[in-house]
Structures are given as structure tokens and as C-alpha cells.
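There are two complexes below, and they share chain A, which is joined by chain B in the first and by chain C in the second.
Then we have the complex of A and B:
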């Protein structure tokens, strides 16, 4: 009798453990798929970006730039090239990132007024991207293996079916303590991300304000990031999106920082 | 009318008392609605341009009022142990409700701009985690010294002091937050000392301590006054009346103030302490007269009728003149001073009315049996009487000498008045031994200062603040301001551009300068944001359109005089060196606001004082129906004001807010004795028809009443001299000085003048008939 009880207990625990593990595995898998859909769409891409930085007083600053991206492989290395067009006094500044998932990124900037190419330190991935509410990591993506994921529930968001996934960093991370991601079941795009601090207070909200299908690929064309603590907000619009242009990797070198490729930069 | 009121009070004392108690109860019930406001900014109207601009600047550049926390370690502050303690302290301060966490300046929160690997620049937290070695501590110190934005501000150049700047959501919580910070520093503290300073703390703590001081000072004064009066009159029951009158006047005026929706400001919190002596003054005259006459009349009602008859006119006029002094404050352009003036005036009127009604009513309730021995004590043998007789004889014998001495005092006083220095600093409202003063001294001697002013730069177009020509002008203005000893540091957009450029070019000293073209300025700022610089840090120095700049001018001294000298220096530089491209400059900041309201107050007070002086003179001429007596009557008050204020001038004590406001009290109180003296001297003279007899009599009843008043009020406020708040000490000293000086002048100079000019002023009946000419001659030939 006792043996049966014990066996049942062990069996029960095993099932729970498996269920939990399976669940974690599913959540992690979902995050990976979402990451691919969001950050690795097609093999390369180009877009004209309009970024509005709105402070808590409602004052707006606008930055416009052209952005090129080339993926070495899905989920693998990526290269980004950014050419600033406005404000006019920073026009012709260019910026390049070589991203290595799980490793350290390399970043360079070209400062035309002094004709210098300078590396930019990548120590702090959480630092702001050109003064916006997006961090460098928000732009290029946080690797899904850095967090533990759990599928909290399946729900709806703005009429769309979503998975709600809770992510907790494996190592202490100053940017957030917990994150909730609302993944669209259909497109797998992260429609909303909510960031929480250690006191459980929500600090930031990322939203995909508009999703359009470009060359058959569901693409977020308007994104926003709201910093609840500072009261500031950044809205990014992606226009003239092009996929699979056949970009070459030699384009993402120091030479092109100083001399932008005229073929893509108008 | 007067008679009717007196008769009613005598015949229906219970009704009078019941009505007074009912009204008092109504006003007392207003007290729970009290709204306290200790913000000196409210010394200015809400729409005052300087204040509106200050608020705008705070809004545009997201500036907050802050608490400065100083850590001083004589052996050197940059050790791993101390830096780690500060790290923990900062983390706990971040948890305090009302602290603006994002804007805290501390080693563990500020960004440093430095070179990274491969020629990159990195902007990240100066001390992002706890450290272990002395080398790390030295490195942090070195980085602060290398950074013009942090040097002097975050750490002293001798490495003995570290400062944390804690921005807070509003000034009125700074006292609470500073207490919470104190608890945290007490918990972690080692051998180093922690100081908490800054104008908001001083101002808000002053408000908090002021109310507790008031709760102690006012009752203490009441008790001492009661004991002194008991000593004089030896009959406790009769003293119930003056105490009740004083308390009711305070309750009525404070109750009405609260009822009419006014906030209790630093000024109006002093209403009780001003009202008590004024209210008691009238009663002492009444009781003194009652006391001196009771033995003759033997009946309360008859004595009361006599007392009221004798004192009605002088009491009316002493009250009217004091009301004038205070109501004139309503003409100053400073709202809290206006409220203060009006409600003290209301309190004085209340006290006058209550003295005339409650004093008789309460006296009627005391049985003649209890009063059997009242006034029996032989006053003619007391010390007081002996002293009065001394005054009487000295003033008679040396009358010309006394007049000469008074004239000399006036000359000396006029010189002293010219030495008065107008200055104020809310931090100095605390005694030097107070922790807030200690903190102020310690932090301002080591660091760049705890007083922050802002010089707002207005450009003519967008991006004007990126124009190198404009930036160079701002930079030269910074160097000019830094020449002033009290300017600890100036920080602007210029410093950020220069620092980024310096680090970008591999710490090349030659690049520690502003660039020559606008794009480079813009790109340096872009680099700042690209390299992890917080845009919020940038926008404390410039707005997002780059047409408004903000230069932080950190001062080691918050004295209005010192602040004004810096403003003056900037104005002169701008005048001598016209700025390019139509740049305009305007000041904001709490120290600047303080000099604005001080200026308004000094001008306003001068007007109020002169105005009420003129009104009082006219009243006196009207009262005595004589230009001569009118002019003589204002001598004690003129000499008292001049003596006290010239003493302030000679002592080098700054003329500050409390001292300015006390001029109306001085005016109102120091005329009183003269009114009693002259009015009664003339009345007695009319009665007895003989100068010598009248001269002798005035030193008995009236003289005793005056000297009792001098002693009661002067001594009653002695406890205030031991306050930890300087304005309270000032008020206490003023009561003492006003009473002693105006009492002395009244009891020496007025008799001396009356003796010297007796033939003109108080002619004998036969002289009166013989006309003016002879009077003038006899004056000239008088001994």
C-alpha cells in the first residue's frame, strides 16, 4: 500500500516536472521563433527610418536615417548600417554594427565634421540608441537564451490571439527584472512587451503600432517605446521597406562608413 | 457710547463674558482647518515676473529643488570603505518617497565620459558597482577631477569631501526627506561626518521648527508675563482678565485668518507673539490704574468707571497708532506680509475692545472681599517707585543735559543708519550651532556650493546654442563669473561639448576647446548620445530646440548680498561685452528669487514705515490739538527706531526680513508710552493747574503703569532669546530694546522737555492769559 502511494507520488511529481519542462521548452521555442520573425525577416533589408523622440513635456525631436541589414544566417551574425540624414547638422554621420549573438557586438561611427571613424563601446547594451527610448539591444534584439521563459497564458490583444510569455533574465540585469511579451499567434511578432523592475513596477512598454505585409513578410512598420518612469516616448516609422536586395558583406566595412554606398543611400 | 459699553460690562458681566466666549469658540473651531505654507517663494505674488520665469525655467530644463548631502572625512573620503557606504546610502535614498531617482547626482549615479578601447568613448556610470581596492577609489577620484562637469560638485579637490545631490518633487517635503536621509546616514555612517544642506531644507525645516518654537514661546511668554504681573499686583484673580484678553485676541485673529482661507506663513505664525504684548499692554494700564485707585474708591464699579474715563482716550490712540503701524504693511507688495499686517491690526483692535469690556466684566465678578487688600501695598516705598522718583528728579535737574544727550544720540544714530546692510539668507535663520548651519558651512567650504542659480540664455533662433560664436560668449561669461569668490562652479552645454571632444581626440589637451563650426558642435553632442550619454542630462543645459540654454551657477554663499553681486557681475560683463546674435540672459533659481523679494520688501517697508509715521504724526497732532505736542510725542518713537536700527547698523547685523517687519512693531509700540505720558500729564495739569504738582503726579500712577509695562514685556520675551531660530531671537531682542529705549526716552526726555519748555507747553493759568509773545520770551529766558 505504502509502495503504491510512493510510486504514485513519484509518478505525479515526474509528470509535473515534465509538464513544466515542456512548457518552458515551448515558451523558449516561441521566443526563438518570434525573434526570427522580428529581427531576421528575409536575408537582408533596407528601410527609411523616421524616429521621433518625444520628451515628457511633449517636445519632439526627429531623426531620419537609412538603415541596411544583412543576416549571415537566421539567428546568426548580423550587420547593420545606418546613414543619418537629419537633423541637418548631423547629416552624413554613419553608424555600423556587427552583431554576434551571445558575444560582444562591434560598433563604429563616422564623424564627418572631424573626418574620423571611431569605435563605440559596446559594454553596455542597455544604453540608449541615439538618445531614444530604445536601447541598442532593443534595436538588434536580446538573445532568447539569456532569459528563462514561461508561457503564462493564451489571450487576445487588440482582437488578435496572443501568447503571453514571461521572461526573467538568467543573470541579474539592470534593464529589467521581468518582461511580458505578447506574441501574435499568426505572425509570431511580439506585439507588445512590458518591462518590470525589481519592485514589480512597470517601467517600459514597447508596442508594434502597425504591422504590414511587405514582400509577403509581416513587418512592423511603426514601433513605439514608452518610458513610464521618465514620461518619454519614441515612435519609429519604417518606410520604403525592401527585402532581399542582395546586399554584400563588404558594404559593412569602414570604407563605406566614410563613403556611403550611393546605390542604397539617396 | 463709551459709557454705555462700560455700564453694560459692569452691570451684565456674565452676558459680556458669554458673548466673548461664544465668539472665541467659533474662531477656535477654525483651527483644525489650518493650512501651513513655509515657502519663501510665496513672498512673491504668483504672477510676479521673476517667479513666473523661475517656474518656466524649471519646467523647460526639468530642474528640481534638491537636498545636498555632504560627506566629509578629514583623512580622505576616497577609500573603498567610504565609497561603498555611500553606494549603499545612495541606493537607500533612491527608495525614499518623493526623491526623483533619475536625477540624483552621486558617484553611483552620475555618468562619466571617458575613453574606451580602440579610441572609442564611453559614457557610463562613474561607480557602477562596489569596489574593493584603494586603486579603484583613487581612479574614481581622478575621474571626477578630470571632469569639469563633476569637479568640485561631486568631490572636493582635496579629496576630503563628497557631495550627493538629491532632487525632490517639491520643496515642502524636504524636511521629511532630510530626516529620512539622516536615518540612513546614521545607519551606515563610519568616522566620516554627514551634512544635509540646501535652501529647500533650510526653508522647510525653518517652517517646521518655527511652529514648535511658537508652541513653546507663546505660552512661555504668557506665563512669565503672568508671574511678573502677579509680582506687581499680588492678586491672581484680577490677572485672569488680561490673560484672557490676550488669548482671545490671538484666537480671534488667527481664527479669522484661517476662516478667510489664508495660509499660515512664516510671517503669520508670528502673529501670537506680536499680539500678546500689545494686548497685555492695555490691560496693564487698566489694572495699574485700578490698583492705584481702588484704595481710594473702595468700590469696584466706581474704580472701574474712573479707570475707563481716565484711560479711554490714551488707549484708543495707542491702539490706533499700533493698528496704523501694522495696517501699513498691507501696502507692501508681499502677500504674506500684507496678511500678517492686516491680521495683527485686527488682533489689536480686538484686544482694545476686549480690554474695555472684558476687563471690567471680569473685575465685577471678583468680590470686594477678595479685593480687600488690593492696592493696599504701599507703592510709595517700592523699588519701582524709588526708581521713578530718581527719573523724575534727574529729568528735572538735568533737563537741558538730557535734551543735549538726546540730540547727540540722534546724530550718532543717523550715522549708524547709513551703515545698515540689507542682507538675508534663509539658512542663517538658524543659529550657527544648528546642524543646518553647520552643514552649510562645512559643505560650502569644501565643495562648489549648495546654492544653485541658473542663468538662462535665450538665442534668437533654433539651434542658436549650437552656434560656436554663441557658445564662446557663454564660455567667456562663465570664466568671468568664476572670478567671483563665491562662485564655486559654472556648468553649461559648453562643458559637455568640450569634454566629449577632449575624450574623442584621445584626451588631447589642445582639443579641450569649443569647435569652430556648428556641425562639429552638433556631432559632438550626437556622439554624447550615441555613446550612452543620457539625453536627460543634456536637456538640463539646453532645450530640445537648442534655442534656450541653461548655465548652472553654483554658489558657496546664499547671502542675498553675495548673490546680488554675482548677478551684478554678469550684468556688467554683458553690458561691457555686447553678446553676439542677440543672445539674451535671464536669471532663475531660489537664491535669485530671494534677492527679488528682499528688494521688494525693503522698498515696501520703507514706504510703509514712512507712511505710517506720517499718519501717526497727524493723529497725534489731532489728539493733542497741538502741533508742538504732536511733534514732541513722536520723539520717543523716532529715537527708539533710530537707536535700534542704527545699533543694527553699527553691529553689522544684516537688515533681513524679520528686522524689516519689526519696524512696524517698533513704531506701534514705542509711541504708546508717549501718548499715555503726554495725555495724562496734560489732563493732570489741567486739573491741578500747577506744573510742579502735575510733574510730580505723572511719575506716580502713569509712571508706574509705564514702567510696569516696560518690565513685563521686556522680561516676558526673554525666553525667545534662547531660541535656536535667529528671527525669534531678533523678535525677543526687539521687544526688550523697544521697551527699554522707548520707556527711557518717555520717562527722561519727555519730562526734560516739559521742564525746559514748560512755559510754552504747559503755561500756568495766569501765563496762559498773557499771550504768545511773553510765553516765547519766558521760554528763552527760562533757566
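Then we have the complex of A and C:
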């Protein structure tokens, strides 16, 4: 009797495991998990960001800022805080986003030289982030439910086993017509994204150039975005990454927009 | 002397702050050159700007307090060659408990919702800078003030106390001409004596306060100001001089997201305390002002906004009966329409922007055009134009109609 029970239990667990595995292979579910691993790592995070904007002639511009993030729930609302350090003309400016997946984002900027808090109209999520090849949506993530996903194949990329997922926006979207995402089977991070226009031509490539484990969390510490049409490229380095700092949501308010929290921002 | 005192306070405080303290420096070197385009302008000089400016920025923060200084040194040769300096900001910022933020010292103060239209923002502006192409940061003149913000369950209550009245900086006639009612026309160099400032006493300090609160995508605020008109709009017949009449402002605003754009509404009652009944011809009557604004990104990298301001004058009949027959004077309702258009190009390295003020009731306008190119991360080049026009010489922008100017600016940031 006992053996039967045990056999049933093992059998049950095996079925669950199989089902889970099949589930995991479901493209949409995979994209969700990848999204969690990439954009919702830990409950909050801090990083010192160095962004290099390289144009087609190789001329380079550098943007340096500190970024704080707090997730209300995994896959749910997020709050971002950015403190610009350089170049000189934007130094000390702060920028805050309250992101609601599927809803409207609220954005504010603070210009300390005139003590001005200004909400920014955030209609076009596809507009460039500080003139880089990354859009606002690339920075905080496009919600996986906005696209239809299909698992094309399982393959390898730079010696890593990956899932290749094809995503097509449910509604017409000016940023891309189709996207291929190469998801690392182990870390679930999107190691590469290829964007295509309606003529099937590749327009942009996003790459995770370097992945390191920070506080036990696989983290992309160098990312790049290449614009094939413009010949430009943006390389972003994330330094001094810290997770689970215990950030409070009151930090993402006008009070701190005007008074950067020096505990985190120097 | 006051400046030195502020300096002394900052540096003393600097030397006694806590561990983990850090010091940051920055600033810019800038050349600004501009000239008028109207030869009939009765100003002392043909240059609206000819200056080299070095701004040094210093920031120091410890665990408990923060110090900030912004100091300008400049050589200005527009009228006559002169060297000068100005402490733009110099303050200490610290916390009292967990709910109160305090900022003490020379600082820039701003609130309200308008884009270059100010109703409840009764803080000092510098139109001398604004009209000749200096950076946006120079539109705001610093005030020596104590500001406290108390974060409480109702919202944020901010109080700014400016012990010594700080007026707006208006054209003096030397490089920008303006209308003088005594002269009955636009004047330049023969500008009359300085307006009388309120006596330096405790009773004459300025108090500005705001209670604000966020409701989802909207922020609402109530305002109160007690002080003086920031422009010398009153005339003292005994002293035969212009002065700053007493003013209270009561107002409210709301701003937030609507249909992918930003909407703002603001209103205020300007209570002219030196002219309660509106019968003093030398002091402005009380007014009620309203502002409506909307901003939206209308295309990729193209943002536009529109504003409509209305000002209703109380006791207009009395005002009208005091005017000279045949002279030009304002309507009971003053209207001002503005629009800003900003286009970012070349990966945000090139910014083209235009801002227009147009008053259908005063029949005047002011157009600001600018192109700015970030040549490198350090070097920024800009050219711009300030164009004024008006049917009459006495209106807000019409009085500057001879001041049309073009300018070029180069900035090296570090």
C-alpha cells in the first residue's frame, strides 16, 4: 500500500514536472519569464550607468547617470529614478517614471538650475532615451502581452543554448514589425534581439555583451543597441550594481525628485 | 556684504560636516554676443549682449546636510567694459526629522504650472537676461530665502520666506528700451531714477506658500503669497517715483496627464492691497487671472504646447474714468495666447525651438526663436532671435518693439 502511494506520488510529480516543462516552452510564458529575469530582477536595484552613443562616423558621446528601480510586484508597476551626472549641461537633473504595464506611464523631470518640476507627455514610448539608440521602452521593457509570440527553434548562440522566439505586435507598432529574441535557456536573459521592419529587413540588434552574477542574480552588465539603418550604436555599461536595497516607494515622489536621496546617489 | 556672509556660512559649514562627505565641481565658460536690429532704438549701445561668463558650481554633501554654490564671474562689454560677479545660488539643505526639508540661503525658487507665464510664482524673474538670449536658468533671479517643505498626510506644505524683498530685474534702458508713462513714450538712456524698494524691515518680508498633493496622474495645489508686486507698477506722487505696491495672491492649480499629453489649469486673485477699491490711479487694480495649457508630443521628437491666459480687472469703470481721453489703455479682459514648439533632431544634438506670446487684446507679440547644437558633449553652439511687435508703445510687449535682437552663444561645459 505504501509503495503504491509512493509510486503515485512520484508519478504525479513527474507529470507536474513534464507539464511545467511544456509550459515553460510555451513561447509567451518564456517571454514573460525572460522579462522577469531581465527587467524585474530582485525587488529593487541600483546601478551606475555609463552610456556611450557612437554615430556612424565613430564620434562618441557619453551620458552618465545613476538609476534606481523599485518593483511594486513582479510583472506589475515599476518606478524608475534617474540622476544625471554628465555631460555638464544635464548634470544634477533628475528624471522619474512611474510605469504601469498596459497603461500610461507618468514621467517627470526636475531642472535644478531653475527649480522646475515638469511632467513630460509620454505618448511615444518609442522615442529615444537621451538621444541614444535605446528607446524609453527598451530601458524599462515592452510588456510581453503586447505581442504574439511563437517559439521558432532551440538553437545555440555563442556556445549557449537558446530559445529563439518570434514576436509580432498585436497592434501596429512603428518601432518594429517583427522581433526575434534569443533567450538563454539557463539564465532566461534575452541575449540578443533582432528587430525587423515590414519589408522584412533587419533594422536594429540588441545584444547583451556581458552577463555577470550579482548577488546571485544573472545580470546583463553590458548591453548594446545597434541601429543598422543609421549606422549608430549605443553601448551601456552598468556598474556598482546593487539589488534588494530596501527602497521605499516614497523615494519615487516629487520630494526626492527635487532632493536626490544621497544615501544612494552621490 | 550679504553675499560674503552667505559665503562665510557655507564654508564654515563645509568645514564641520560629517564623514563620508564628498565634494563635486562643475560649471561652464560661455560667450554671448548679440545686437539689436532696429537702428532707431534709443538705447546706449547697439549691443544687447557682449559678455564672457564663467560659472563655477560646487556641491558638497555629507550624510546630514548638503551645500551648493553657483558663482558667476563675467566680463560684460555691451554698454561699457566691466568685470563683475554674482552668487547665483549658495545654500545649505538639511532635514528636520524625517518630514521636513529645509533650504537656507541664496536660491532659485519656482512653482506653478505655466510655461513662461507666472500667476502664483511670485518669485523674482530676470527679464534683462530673458530678452537677450542668456540661458533659461537666468530667467529666474535668485532670492535670499528660507524654504521649508513639510510632508504631511494632507500633502506637501512649502513655505518660502524672503526676509528682504527681491524685485524682478527689468530693462533699464541701457541696452533694452521700454515705455515710460512719465515720458509718454519709449525711452533708452534717459531712464529715470530707480524705483523705490520697500523698506528693509520684518513687516516687508515676502511669504510664499504652497500646499500640494498628488491625485493619481494629477497634482493639485493651493497657493498664497504676501508681499509686493515684483514690478514697480505703482507711482508715489509725493516722491515722484515708481514703487512696488503691496500685493497678496491667492491661487490654485492642477496639472496632469490627459489624452497622452499634459494639461494644466491655474488661477489666482491678485489682491492689490494699496488700492482696495480700485480708485487710486497710481496703483494697479486687483485682478483675477486664469491660465489654461496643454502640451503634447505631436510627432516623433516634436512637442508643442498652447496656453491661454485671461486677466480680469476689478473696478474697471473706475480705472477707465481715470484714463486720459484718446490714450491707449488695457481692456477689462486681457488675453494672452502662447505656444511653444520644440523639435529635436540628429539624435537630440540639434534643438530647434520657438515660443510665441501673442495678446489679441493688447495687440502685441513676442517671438523667441532658437537653434542649439551640441557640437560635442562639452561644446554647445546656439543662435537665436528675440522679436517684439505691438500696435501700441505702452503694452507689455509693445513697449519692447525696438529691441529686436539676434544673438550667438558658445558654451564650454565642464
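Note that in this section the second predicted complex is superposed on the first by the 241 of 266 C-alpha atoms of A that agree within 3 Å, B and C clash if a C-alpha of one lies under 4 Å from a C-alpha of the other, contacts with A are read in each partner's own complex, and residues count from 1 in each chain.
Assume a residue touches a chain if its C-beta (ideal position, glycine included) is under 8 Å from a C-beta of that chain, and two chains touch if they have at least 3 such contacts.
Please read these numbers as outputs of a predicted model, since none were measured by experiment.
S.K.: Let me test your reading of the model: by the given contact rule, A:229 touches which partner, first (chain B), second (chain C), both or neither?
M.R.: A:229 sits against chain B, while chain C stays out of touch.
S.K.: Tell me which partner A:127 touches in the superposition: chain B (first), chain C (second), both or neither.
M.R.: A:127 contacts both chain B and chain C.
S.K.: Classify the contacts of A:221 with the two partner chains as first (chain B alone), second (chain C alone), both, or neither.
M.R.: In the superposed model, A:221 contacts neither chain B nor chain C.
S.K.: First (chain B), second (chain C), both or neither: which does A:203 touch?
M.R.: Neither partner.
S.K.: With the two structures laid over each other on chain A, which partner does A:53 touch: chain B (first), chain C (second), both, or neither?
M.R.: Both partners, chain B and chain C.
S.K.: Which holds for A:109: it touches chain B only (first), chain C only (second), both, or neither?
M.R.: First partner only, chain B.
S.K.: Who does A:93 touch here: chain B (first), chain C (second), both, or neither?
M.R.: first
S.K.: Pick out the shared contact residues on chain A: the ones touching chain B in one complex and chain C in the other.
M.R.: 53, 55, 61, 87, 89, 113-114, 116, 119-121, 123-124, 127-128, 130-131
S.K.: Considering only the defined contacts, which chain A positions touch chain B in the complex?
M.R.: 53, 55-57, 59-61, 87, 89-90, 93, 95, 109, 111-114, 116, 118-121, 123-124, 127-128, 130-131, 229-230
S.K.: In the complex of these two chains, what residues of chain A are touching chain C?
M.R.: By the definition above, chain A touches chain C via 53, 55, 61-62, 86-89, 91-92, 104, 106, 113-116, 119-124, 126-128, 130-132, 232, 253-255, 259, 262, 266.
S.K.: Residue numbers of chain C touching chain A in their complex, please.
M.R.: 22, 26-28, 57, 59, 61, 63, 66, 70, 93, 101, 107-110, 136-137, 139-140, 149, 151, 156, 212, 214, 217, 219, 255-257, 260-262, 295-297, 300-301, 303, 344, 347-349, 374, 376-378, 380, 411, 413-414
S.K.: Can you list the residues on chain B that touch chain A in the complex?
M.R.: So the residues of chain B touching chain A come out as 59-60, 62, 101-102, 116-124, 463, 466, 504-505, 515, 517-523, 526-527, 529-536, 538-539, 543-545.
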